[in-house]
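The two complexes that follow have chain A in common; it is paired with chain B in the first and with chain C in the second.
Up next is the complex of A and B:
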């Protein structure tokens, strides 16, 4: 046995006490790591949503709000389809202050053989689109051909495979990067492909017509970017007045709702973590103080045999650091087992954009959680260490007579 | 007894006393040990006897570097113990001053052998396993070397603590009631070992109630109310 092994021996030969301290520190690591991953994922999700919704205003048919919440469609991937006359696109472009107006067409598939559930198909115009395209270009830079589709990361289809949408065989040419939003469950195609799919849907009895004219053209939403120097509210009002049966929604108000929810959850998680930490710190302080009392004789003997105060303090700190490290590793592992496999469940329950951070960020977070846990363990034992190193061995050994 | 490579050292206490604050009659303090001088010479056994509460253990702790005297000096060779910083004093005590305390002082988490080698373990000095076995054998506890302290009787614990101190090969060996838990046979055994330590040039001080201790003493003192008188 060596002096370096003495703290380890102490921990191994007192399994009950070691287990209790380890579990306590594991709880600390679990709360800080698990909580931080959730908060970070929510923030990433919001950032992703903000960049996807780079538009200042979104114009949708007035009926859209009653058919399906546009917000739910974006956040939770609820399928939905609503249409308005494509003429509205030109009307919007005519409004003073509109810099870009990019149309999108939505189609909710009844059932696609790629998926066990309904999926949302989104048609966009690569020529004018400035919102979906930058995201798509991360995965696919070529032009989309006829019946070529790109799938969100949560759609179960691989590149090169064909998926059937309203009996049309569409080829998957790219898989998109995760956004943590409902956009991850959608399929993307060009406007030409969308026209083919709309016709196929029509043949299956799924109507998208908004007028009795069989040749009318439809769109679902118009993403608007307002020219610099113009007031977004005023442009919003002008669009509202200039279009028919449409609602112009400011994306800021939509994001504010999400941001507020996120702030609420983030604050709750932070308060919970803080409460757990304060509680655990108090319990650890009491535990170490009790251990200090219980082990006075042991440390008096070590002093008697010539252990200096600093060596004794080091011994206690090493013990607590070892214990906290074991607890920290356990806590981080357990939090990983809870948070990562249940990402979808957490996302569904929270109903907010949720995007898991990069693996490098997760590793950094795990290391930071471990460091914090070890430091809190060491801090909690510091007072006990100070007291024990100041023990008068003569008095302590006499007390036991 | 002391390390063969080191010169034998004597321990000299000069006018040391220990005063505590306590309301006693008109005074607000009392002397556990009144000013006294004492010398422990290499190769000798000194016995200190006296009633409980007479100040024997307090004196022993002051001599061992564990308790700073209110007045006076304790010198080990040329070194004044209490002038040293804690780190140096601790190291010196580990190397040169062995103490057998009156109370139980064996660590439960370690085996008998690990306890005996603990003073060497603390500073990573060369382990003297042979020395540990020698003293375990002499004190009849060799068969217990792998046993934990919790499995030992009071007498076995006492002999483990004595073996630990002897194995340190200290220049100064201070034993506080070393035979307190022992039967006659083991008492004699322990005194024989302590005498042997003195023959190997250690300066030995035994605090004891046992009359048998006087049989191996070169010097003997009685302590009463913090004062010592020479009896041998």
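Up next is the complex of A and C:
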């Protein structure tokens, strides 16, 4: 047998020891890869939310704050329907410093309509909207027809399929790109389609009226972009004073809340990973120290046979590197099995924007996790390999007798 | 003769987990009003296939003959492949990715059935190798 094959043969000869070391290093790779993917996905989700919100201020009816948190609607896809007089749109547009004010109308479908679950329908005005349109144009550039809808990536409906909302058959014309936010669970349509749906909802007893006049138009939210050079806080206060029964929310404050929650989770994950690594490193050091004690005689014989100290050192290092590599691959594979298929579940449980990173970033992260695992395995065995390469064959073999 | 097949034991455990999971912690959506959607039938189908898989693997576990075990591992492989196609492919699930049947049941069941298929396949080749080795031992 050549010295090249000896490390592998040694590992195969002691399957129990090899398995234990492999599982320990697998735990290291699992924690670092799985944890990093989750933290990266949360950061990606926050970036996506920032770019999707686009607006500086969002105006919603005062009742929206109590009925359903607007933030929950955006982050978790909680359905909500709240309305204010459409006159408020003109009032907001009159405020000095407002560059763009685009309305949106929300409607929650009935549970049994299409999806066994309530679904959020969002009507927007393609003419004035500058916030939803750029996102939608990534998937659909044509004009939206009557009862044409576009679905978020988490609504399982194919293009060309009809979905029923308040007994109105709506045709799915596009599936939108993922954002990692609650916007992925919504259905989008034009204002004309929304008016039809609101009438259908009214016929089913779901009222959306805010005044006694049945012809009055309603809207649910106004997305506002502030003109350059104007102070957003001041414009926010002016809007608050200029509109009736409305709350103007600064998107920055909403993003700060999300960012704080994300920082909390990110820190917890980092502390957990660090704790697992420290613990595993200590166990690996103890394991290699015990192995060194156990294999003294074997190395003494190899020294007697003329094997150099550097070759003996390399032997232990190669064994631990091989074990760590196997464990690393196993850990990364297992973490992939847990993190990727259950992306939606993790997102739902965390209640924060969560968007999976690009495949190239995931591959890089996997390679980095593997490298770190192999290096930590080799580093843990370094002391043992140094001790074993310096055994005195005569003393060790005499001790045995 | 080797009287115990690790692959059959593992598939038995996976089959039992699938059967129990499909009606409990990995089961389809439960509606508040007691009604159920199309995913309920996917759960029922997986319960049946899980029981079938557990029964096949139990038979393989109790079987002393290597060639017979090898023969049982083939349908175990195909049963597992069929099971992995049930949620979402052969039987539709709810239309929202955030619902339990899509977020939990589908990925969990596909992973469990795929593991079972992989183990059955490895078990089949291990038994084949073992049987060939025994035949080679004969004078």
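FYI, the second predicted complex is superposed on the first by the 396 of 401 C-alpha atoms of A that agree within 3 Å, B and C clash if a C-alpha of one lies under 4 Å from a C-alpha of the other, contacts with A are read in each partner's own complex, and residues count from 1 in each chain.
Just so we're on the same page, a residue touches a chain if its C-beta (ideal position, glycine included) is under 8 Å from a C-beta of that chain, and two chains touch if they have at least 3 such contacts.
A quick note: this is a predicted structure, and the numbers were derived from the prediction, not measured.
Trainee: Once the structures are superposed on A, label A:185 by its partner contacts, choosing first (chain B), second (chain C), both or neither.
Mentor: Only chain C; A:185 stays clear of chain B.
Trainee: Examine A:119 and indicate which partner it touches, taking first as chain B and second as chain C; both and neither are also allowed.
Mentor: Touch status of A:119: second partner only.
Trainee: Quick one: classify A:45 as touching chain B (first), chain C (second), both or neither.
Mentor: neither
Trainee: First (chain B), second (chain C), both or neither: which does A:298 touch?
Mentor: Only chain B is touched by A:298; chain C is not.
Trainee: For the three-chain arrangement built by superposition, which of chain B and chain C touches the greater number of chain A residues?
Mentor: Comparing touch counts on chain A for chain B and chain C gives B.
Trainee: Is A:154 in contact with chain B, with chain C, with both, or with neither (first, second, both, neither)?
Mentor: The answer is second: A:154 touches chain C but not chain B.
Trainee: In the superposed arrangement, which partner chain does A:344 touch: chain B (first), chain C (second), both, or neither?
Mentor: The second partner, chain C, only.
Trainee: Spell out the residues on chain A that touch chain C in their complex, using ranges where they run on.
Mentor: Within the complex, chain A contacts chain C at residues 77, 114-117, 119, 153-157, 163, 184-185, 337, 341-342, 344-345, 347-348.
Trainee: For chain C, which residues count as touching chain A in their complex?
Mentor: So the residues of chain C in touch with chain A come to 29, 31, 37-38, 93-99, 102-104, 107-108, 110-111.
Trainee: Where on chain A is chain B touching in the complex?
Mentor: It is residues 1-3, 6, 9-10, 13-14, 297-298, 300-311, 392-394, 397-401 of chain A that touch chain B.
Trainee: Contact residues on chain B for chain A in the complex?
Mentor: The contact residues of chain B facing chain A are 57-58, 61, 66-67, 86-87, 90-95, 97, 99, 101-110, 114, 117-119, 121-124, 164.
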